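To start, I am sharing the structure in question, which I have written as structure tokens.
Chain lettering (A, B, C and D) follows the sequence in which the chains are written, and residue indices restart at 1 in each chain.
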Amino acid sequence: MDRAVPASDEGLAKGRIEALCDGVFAIAMTLMIFNVKVPQIPTELAPAKLANEVYDLWPQFLVYAISFVMLGIYWVGHHNQYHYIRCTDRWLLWINVAFLFFVTLIPFSTALLGRYPAQQIAVVVYASNLIIVGILLLIHWRYATSQPGLVDSDLNPVLVRQASRRILLAPILLTFAVVFSFVSTIISLVLCAVIPVLYVLPRRIDRHWRLTHSMNRQKGEAS
Amino acid sequence: MDRAVPASDEGLAKGRIEALCDGVFAIAMTLMIFNVKVPQIPTELAPAKLANEVYDLWPQFLVYAISFVMLGIYWVGHHNQYHYIRCTDRWLLWINVAFLFFVTLIPFSTALLGRYPAQQIAVVVYASNLIIVGILLLIHWRYATSQPGLVDSDLNPVLVRQASRRILLAPILLTFAVVFSFVSTIISLVLCAVIPVLYVLPRRIDRHWRLTHSMNRQKGEAS
Amino acid sequence: MDRAVPASDEGLAKGRIEALCDGVFAIAMTLMIFNVKVPQIPTELAPAKLANEVYDLWPQFLVYAISFVMLGIYWVGHHNQYHYIRCTDRWLLWINVAFLFFVTLIPFSTALLGRYPAQQIAVVVYASNLIIVGILLLIHWRYATSQPGLVDSDLNPVLVRQASRRILLAPILLTFAVVFSFVSTIISLVLCAVIPVLYVLPRRIDRHWRLTHSMNRQKGEAS
Amino acid sequence: MDRAVPASDEGLAKGRIEALCDGVFAIAMTLMIFNVKVPQIPTELAPAKLANEVYDLWPQFLVYAISFVMLGIYWVGHHNQYHYIRCTDRWLLWINVAFLFFVTLIPFSTALLGRYPAQQIAVVVYASNLIIVGILLLIHWRYATSQPGLVDSDLNPVLVRQASRRILLAPILLTFAVVFSFVSTIISLVLCAVIPVLYVLPRRIDRHWRLTHSMNRQKGEAS
């Protein structure tokens, strides 16, 4: 396969960026839950109080679940980009480092919001963190597709634009969450909880990608 | 090898799902033990009391060992499925995310049960968590094998059914553990400890898989 | 390469066992240090006391360094075995799970010994943990080399025995450490600190392995 | 590809060293942030005080950001070396283990400096840790390029020297940070913050590497 040759030869092989990225996401996704602490009650009071204490952890689990799915979405988005990226350069590498940096902050923001779900500052920090990650993912995509040689030269421009729009969805809705937090943090939290659902549902771009994939495959078979 | 081509071309390459999955399992399995805390005793009292304090941690180590093996079982099960899965689609991806989400909750459930082994609520939370993971693994298998194109078209239906039954074993026994916890948490804990043993022993399906493997290999050599 | 075919076809592909193993070792090695806590002193007292408090952490760092190198040794040993193992079966898989289980306990033993370096119980727990890991590594090697089909059929029996003896070195010395702990924990700790040094130095087996490697390579080039 | 054959045949395959290394870096980079704790305030006081408490965490986030980028730099440096390294031997392996050991200490040093940014001892520990990691990276490079057979025999000596100089940049500047900490910790911290910026900017060596890459590629295509 001729296509694999430049990837391993120019700049940092994309395989190791993906490996570091997979590692950071796996750790961030798994470790967040360690911020949810097991209630500490004297054993003699446990029969009476433990069930309630566990039940009271539900806002933390909810925020954790939202963060987990958002990380999943960003991970899938990052991966999909690397489906088209052939090789990397120094700038793309550092965009990745910045992206991963803000990814690693998500466990902190999640713990803050889980502990203080009714405080505006917690909502703002949490939503801002997710916004920055989303925007860095967009910068990553725009940069990679604007540089000659980093992606396949025959990448469909419609796909590039649709992917950009899809990435932008979360930062835009999260900006609304920040704005509404000045009115009511409940509205903001509902918005945050709705975003994952929007992404999980299949959308127009999938049809497009599948089409491009089949075309690529046919091309590959033909050559 | 013709078989590898679609895997890297359609939807999310299965290699990266496996990488994320391996990462999450490795972290969850390694980190659980960090919930077992070293006893903190003033140094002058340590000679008299440390041995007892360490000894008293045994229920936590036992629960940890059960969870570790259960995670090992689910990891092997997930891996075995990907032996037959050729490529993934959006739904399979999100089933994976849900599966991994509940896998990351296991360290919390384990810490809860290790801290309160005699409390019914802890047993119920722990067993329910393992049940959900098992059922999501079953949904993963049923979905993948029911979609045309995600698995080899000549996958033996007997194997599909046997694997399903094998996956179901843990959720069914764990449901009994939940039911019996209303009578006695001891019975529930014994049931939880027995499940890993059942899975570790070789069973009929292994013979079947080995057979299929040999057949596949012969086919591969012939083609 | 004909040799790679059975590995991916029979039982659990060795690649994913190695991936899980690498993950568990990387996490255990990196996380141990999180048990060494930054001293918490009021800011106004920090100029006078912080340097001493940091200095007083040295036993913890020393124990951590020993554990880190021991984990490195066991990781290299495990890897070297997989250089010769062609494929896995159910029993080898579960030996691996048991091996990894006791590997994940090392951070706990390390924290215990770092906190109570003068207590016999801490020395015994620590050394026993390392002994069990070493013995499981030996069982792993003996099982793999005794089963037909798991390793290359022309594997030199001298190599098998030499590798076994090399693996046994640590458990034997650690058994002495356990025995001497009844006399003096200082002797035990010195013994523990010496073991890594013995392994780091090159030894006879390296010459043997290098020879086998060259022979294998020549064979590969010839075929 | 003839070049890949010795890598998997002699000593420890470089692929698994890279995997362990990627794992350790991913974990260290992601886990550091877990040392920044969510402020614990009674819920009724949160509206008045939480924003300030979160704001007061900024030195910790700043130190964390510096460490994250420094780890990124060292990770890239390590990776770039493995672009040229064909295979490993026992000494290179143990240089790697020492390198990774001091990498795993960075989260501790970071937490220490984040907690006591004005204390000289914290600055000295932090800078020394980064210096040792940098020097081990240099030793790694010098050793690998001085041994026959570990790197390509036609590796450009100019590239070897330029890479060495580039690696030395951080340890030299960090030594200044240690020296200046006797005068003012502010100067030291500014120096630490400047280093990542110097590395992120493209430099002469990049042009050189790109040239070598193209030449290698042409050579590869020609052969």
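The rule is simple: a contact is a pair of C-beta atoms (placed from the backbone, for glycine too) under 8 Å apart; a residue touches a chain by one contact, two chains touch by 3 or more.
Quick caveat: nothing in here was measured; it's all calculated off a predicted structure.
*Asks:* Quick check for you: after a Cα superposition of subunit A on subunit C, what is the rotation angle, between 0 and 180°, in steps of 5?
*Replies:* 180
*Asks:* Are the interface residues of subunit C and subunit D largely the same numbers on each copy, more than half shared, or largely different?
*Replies:* Interface between subunit C and subunit D is built from largely different residues.
*Asks:* Give, as an integer number of Å, the spacing between the C-alpha centres of subunit C and subunit A.
*Replies:* 35
*Asks:* Roughly how many whole angstrom separate the Cα centroids of subunit B and subunit C?
*Replies:* For subunit B versus subunit C, the centre distance works out to 25 Å.
*Asks:* What parts of subunit A, by residue number, touch at least two of the other chains?
*Replies:* Answer for subunit A, listing residues that touch two or more other chains: 19, 23, 26-27, 31, 34.
*Asks:* Given the complex with subunit D, which residues does subunit C contribute to the contact?
*Replies:* Touch residues, subunit C against subunit D: 18-19, 22-23, 25-27, 29-34, 36, 38, 40, 43, 46-47, 50-51, 54, 65, 68-69, 72, 75-76, 79-80, 83, 200, 202, 206, 210, 213, 216-217, 220.
*Asks:* Name, in rising order, each residue of subunit C that touches subunit B in their complex.
*Replies:* Checking each residue of subunit C against subunit B gives 5-6, 9-13, 16, 19-20, 22-24, 26-28, 31, 34-35, 90, 93-94, 97, 100-101, 104-105, 107-108, 111-112, 115-116, 118-119, 121-122, 125.
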